[in-house]
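Please read the structure below before turning to the comments.
Letters A, B, C and D name the chains as they come in the text, with residue numbers starting at 1 for each one.
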Amino acid sequence: MKVSLREIHKVFSDGTHALRGVSLDIFPGEVLALLGENGAGKTTLMKILSGIYRPTSGEIYVDGKRVKPKNARDALKLGIAMVHQHLSLIPGLTALENVAVLEGASLSQVSTELRRRVEKIAEELGFEIEWDRDVEELPLGMRQRVEIVKALYWGAQLLILDEPTTVLTPHEVKSLFQVIKRLKEQGWSVVYITHKIPEVMEIADRVVVLRRGLKSAEFSPPYDAKRLVEAMVGEVKTEAVEKLGKPGERPVLEVKDLWVYDGDRAVVQGVDLVVREREILAIVGVEGNGQEHLVETIVGVRKRSRGMIKIYGGYAYIPDDRQKKALVLEMSLVENAIIGKENEFAKRGLISWQRAERFTAKLIEEFGIVAPGPWSSVRQLSGGNQQKLVVGRELSRGAKLIVAHQPTRGLDVATTEYVQTLLMKTRNAGAGVLLVTSDLDEAYKLADTIAVMYRGKIVAYGPVEEMGIELVGKKMAGL
Amino acid sequence: MDSKLWLAVAVVVIIVAIGAFLAFQQTPPLQTSTQQTTTPQTATPTQTAKKGNIYVIYDIGGKGDLSFNDMAYLGASRAAKDFGLGLKEIQSKTQDDYVPNLRAAAKSGDAVITVAVGFLMTDAVKQVSQEFPNVKFAIIDGYIPDRPNVMSVLFRENEGSALVGALAALTAYYYNCTKVGIVLGMEIPVLWKFEIGYAYGVRWAERFIKQKFGKDVKFDILYVYTGSFNDPAKGKQAAEVMLAQGVCVIYQAAGATGLGVFEAVAEAGKKAGRTMGPPFAIGVDADQDYIKPGFILASMMKRVDVGVYTAAKMAVEGSFKGGVLELGIKEGGISVSTLDDLAQFLEIGIRAGAVKESDAQNIINTVKEMRSKIPTWIWEAVDKLKQDIVTGAEKVPLPTSQDQVVQLRKELGLGTVG
Amino acid sequence: MRRLTFSLLNTGLALFLAFVLGAIAMWISGYDPLLSYKSMLLTPLSDLTYLFSALAFSAPILLTGLTFAVGLKAGLFNIGAEGQTYMGALGAVAAAYLTRDVSALPLAVFLGVAFAVAWSAIPALLKIWRGVNEVVGTIMMNWVAYWLVIMAVSTIFANPSQPEESVKMPEAARLTPLVAGTDLTLAVPLAYLTAVLIYVFLRYSVWGYRISISGQNPTVAKAYGIRPEQAVLVAFGIGALTAGLAGVLQVAARPPSYSLARNLANVYGLGFDGITAAMLGRGHPIGVFLASVFLGILQEGARHMQIEAGTPFEFIRVIQGLLILFLALQMVRKI
Amino acid sequence: MIDIVPLLLTQALLAAVPILLASLGEILTERSGVVNIGLEGIMLLGALMGPLVVDYLHNRAGLHLPDIWWPIVAMLAAALTGALIGLLHGYISAYLAGDQIISGVAINLFAAGAVAYGIQAYWGVAGYKQVPEWAKTDPIWVAVFAFVVAGVMWYILFKSRLGIIIRACGEDPESAFNMGVDVNKVRLLTTVIGATLAALAGAYLSIAYLSVVTKEISAGRGFIALANVVFANWNPALAVAGAFIFGLFDALSYWLQTLNLARYEITRMIPYIATLLIVAGVIGRAKPPKAVGKAFRRE
């Protein structure tokens, strides 16, 4: 099956011009890597192909015939399926029921035929899946496999994988690549969305690079990593982040024997760690190994079951999902800017909104936030500007401990650099940073100390000099 | 605004239109009562030309309470017709509406008499009658003895309740049953008169039986306050519980909740394969014998309509004076329903189009047959008690405070189950 | 600003359509819509007695409406105002029972508010500790309050000389009409002042801010040191404060009875009217104020509609229902 | 004392039926993501429209039917009324993305006025009207119907493919939409069915259980049904238990009262306290559908 996209434009209702005329061909039996940094439009483009978004203009052809998929099901009928980065299985339904949604409404039960065939597909791919559990309870890796099986079951011939490795261990990544190769051999097309160069080099038959909503380059093997990067980020002047001085002695965060349960599952199991002044401790690991619970327990969103957490000198918190965990989207910048420090703007219990507004204006200026005004709602801001607001707010707390959870996720290169620089500056000024990331590059760039988390435990811990990338990779995979 | 909006608006309009069309198919349009055909609902020109208006202020129960509001309407509309007056009805949503309602009536300047229905309006009438000393007020069930422009219409429901208590007990005795019951609404002071009066009548019947047959019979009197005047389901459940414990006659003083009592009694009778009691229910306030013909032994009639009519009449004729108009058995304000009463009520219903003529005849026949099955000595006994009350030979206790009620319950042995 | 414009336009359009449909319904039923509306909306404004009566009705509705509005801010669907109003009234009655002089008034406010707050703490704590949905919690507490207060008024607090109601507020402790011959008591300015205070509280106070954050996004609140549980407690507590005050004022500042009826007829339904006011007023204290005045005028207008046009009382409810239905439509989204 | 038990159980059963029917409807509706707090009003309208339409057809339109058909006609009339209101509420909630709570409150207000007025306007009697013998049916049939509905609904929600679709709309409308589910259509449909069941609950009161229409016949049962939905954790099987327990406590209270074991106010409190305790203690945290009450709009 040959799929062609012609001159696709997408303008979102908030005015973002995400795609500015992209054309693309996907041939049968190839693995096409769609490379680009966050916000380049890769995902938007593929969501249009898979029926989730409607293009503002442009045309889609499947085997030469013009098609207009209205939703994912239409696309699937055409043989196109997408496995989303934030998987789109429906919570509250079992894995099997998620596959069966597409069967359509009927008073009959999910057929045994479906179950049999689904299990067969899973077996062929070497997947082990608990079909009768609520998908919410399944680990992320397994959910991804459910999505792949679902796509195959419903006859997809073009499989779009959106950043599939973020939720996988290195071992799982390997087996995913094998699956992709096997699919390719059987004549399937795979579109592989990523911003990770090594993955591209390993798996792709062809690479298309997107930048700022435009196709910037196309490559075939053999690839030159450097040229790939250039095509992806353009020319970026990266200000080197300089680490100044050694970590101090005084701790700003102490965690001892911390246990956290989610339901009856121990998701954090006896974690010990210390963050000192002028130290960045990077906790790396594949997502879903308890990092989220660890962070959220430290900042008090979740309850610990056992253990001790001591924070010296206050904390700032940059969560991994700014829209859900850091900002109240319906409220204004001013109201968002003073969350957690509302007392500083209050006299006798009454907040002075004038002072809060002045403070916000300062944040806007200092951190280069592009916003219609301090009283416009945060929802109107772009993702990067939302993150700048969060980072600005948090760093202006003057806390001794910064808890940064995936602080650069979803940001473009420039903003990523900016945020990283800010973190480093804060460290240099004497604060301690707990950086939780799944991006090893970021970890190595910033950290003084690296800890690896696997299945709720810290499995390796040491100064960055002693933690070689190979060792870390192994530990992340639980080896 | 988009097309969907208009569609939604259209849906609403259509629903309302269909509903209204269905509801108002009948001609002539709009009669708001069973009892009256000729009382105009709206202020028509002919009406404004009338000599004035009777204002009726209903309490929060409003019309349809099967109690004093309905009966007050009945009396007021009859008076309006007889004396060529207009009728203005004002419904109260909360207790706070009483004063403004009375004021609005008083301020209108065309009120021949303003009738406040219900004891809850006592304070309000006290106040507004003072503000408007030239306006005539009547209050039903409320006690305001010292105002020249307020007539308090009170009823001795305890007397009537004693009569139906005797009727209940004697009928039960006739059917070899020793348990009677009473289902009440919310425990408010007015209802004590029903409860205690009923119990007194039952105990009187015991003495009567002893005298006549030389037998010692002891009746259990079960009573339940359902706490509600508007939930028939509660009345039904309460009555069922009583029936299951062997109660065969149940008196109700519970407004619309009492409808459930009738339902339970009739259902139990029909389940036992009967078209008539036992078990029996006893109605209250109005003549309710028609609601479940054959299963309602009689009704304790509290003629609020008579009270309202009398007050209006006095106002029209200029004989109105403040003070208390107390209506008991003697004055014809309290009675036990008769076949004549039933016929009269049904006649009103037929005129309003609420009852079909053929149905009415069936109802009367059924009730007649039922009554004839009750031996005459029972009716005579009830009559004797009535005479004794009129002459003052029997004094039915009249509880006015909680302590008295508690005391009387003990004395009369209410609520004991054998 | 745009949001405000939308709100006003929506409300205006809803009002218009509800009245038009109401008129059609009246016309079909054979009543005179013009006369009905004139007597319903204009007569209350034509006479000071009527106007003050309308304002007197607006006071308790405003207070219970604020309960719901504060709950909404905290993301709660707190329909407990009904029961808390009963408890407030019970507190006032208890005060009247305990002291027979002017001190009954402050005691009434204290006890009434305390009872109401204690009552609201139960569903609040059940929500926090056991995750009991506040809708269920408050519905159940409303019913329990209903029977409990009836029992109290029928027994210890019964008025021996007028057993259909509770003991009366001592004469000295009553808030009597400010203008003789009307129903305008201090309750009205007090309620309006409360609305202003609640507005200030929600807009300017630290806790008001925390409630808003918790209501909009509890995760964010938790992450930055605001405890949503506390916000729930505070929102319930403030709500109970106003609802309890409504109950107290119904006893202490409402002529002629200055007591609590045995069937709770002078407090029953206020909580639900408050929900209506809060919805009409879009949950904003000033909006709730305007809505409660409007509802007060409707309630006063209802009697004049019955007198002058002979139109039954139920039409008021029908129009209110239609009005709120049209509000739900959110008819104006784009200008 | 023991011989009262069958009666109490029967009473509990019959008192449970309206609560059960309404809460089953609401469970279905909420499972798809729409909340309808207008149950009370819909019950009232159902209780009125059943007898009213039958009366109209029989007495005014002169329709001749065997008596056995009239209760069915009444039930259908009530169902149709419920369906229309459901259509309105569903349309507002789903397609217009209006505020579902406001719409529900409006239904309650509207019904309270319309039913009181309707009884008066149609029959010319204020407040109440007896339902004629020939239009009545034995409540047990409706009880059986309610239990069948509970079973069917349990099957549909948790076993059938339709249920998967419905739950998907309530949990994650975005994803459901992307799977080709017409979310708003599903929501409209479940709201219509839910309101239909609530109206049948009302008709049960007037046609089967009490054989009378009064202006306040629902007497708060719609709100109890709402509580029961939460109590049942949105599960039809548990809703049966919840409604029955509520009915049982209700029945028990009268019995205790005839024994003079407690003041009536205390016995009347029992069901509410019991419900509260059960919800707090036994069921613990309720887990509502994630998208309940939230409108779905496509990007």
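Assume contacts are C-beta pairs under 8 Å (C-beta built on N, C-alpha and C of every residue); 3 or more make two chains touch, one makes a residue touch a chain.
These figures come from a predicted structure and were not determined experimentally.
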| item | value |
| --- | --- |
| Given subunit B and subunit D, the chains that contact each of them | C |
| Between A-C and B-C, the pair with more C-beta contacts | B-C |
| Chain whose average C-alpha position is farthest from subunit B's own | A |
| Subunit B and subunit C: spacing of chain centres that average the CA atoms, whole Å | 33 |
| Centroid distance [mean C-alpha coordinates] between subunit C and subunit A, Å | 48 |
| CA centroid of subunit C to CA centroid of subunit D, Å | 27 |
| Centroid distance [mean C-alpha coordinates] between subunit B and subunit A, Å | 73 |
| Where subunit A touches two or more other chains, by residue | none |
| Junction residues of subunit B, two or more chains touched | 5, 8, 12, 23-24, 30, 32, 62, 187, 227 |
| Multi-chain contact sites of subunit D, meaning residues that touch two or more partners | 88, 92, 96, 114, 116, 120-121, 265, 268 |
| All touching chain pairs, where touch follows the definition stated at the start | A-C, A-D, B-C, B-D, C-D |
| Contacting residues of subunit C [partner subunit B, same complex] | 17, 21, 24-25, 28-32, 47, 49-50, 53, 56-57, 147, 150, 154-155, 158, 160, 162-165, 181, 183, 250, 254-257, 261-263, 265-266, 268-270, 299-300, 302-304, 306-313, 322, 325, 329, 331-332 |
| Interfacial residue positions of subunit B with respect to subunit C in the complex | 1, 5, 8-9, 12-13, 16-17, 20-21, 23-24, 29-30, 32, 41-43, 55, 59-60, 62, 88-91, 93-97, 99-101, 103-105, 107-108, 119-120, 122-124, 126-127, 131, 186-190, 227, 400-402 |
| Subunit C partner contacts - residues on subunit A that touch it in the complex | 296, 299-301, 317, 319, 324-331, 335, 338-340, 342-343, 346, 349-351, 353 |
| Contact footprint of subunit D on subunit B as seen in their complex | 4-5, 7-8, 11-12, 15, 19, 22-26, 30-34, 62-66, 69-70, 73, 181, 187, 222-228, 230-234, 236-238, 240-242, 244-245, 256, 259-260, 263, 291, 352-354, 415-417 |
| Touching residues (chain side subunit C, partner subunit A) in the complex | 200, 204-207, 209-210, 212-213, 216-217, 219-226 |
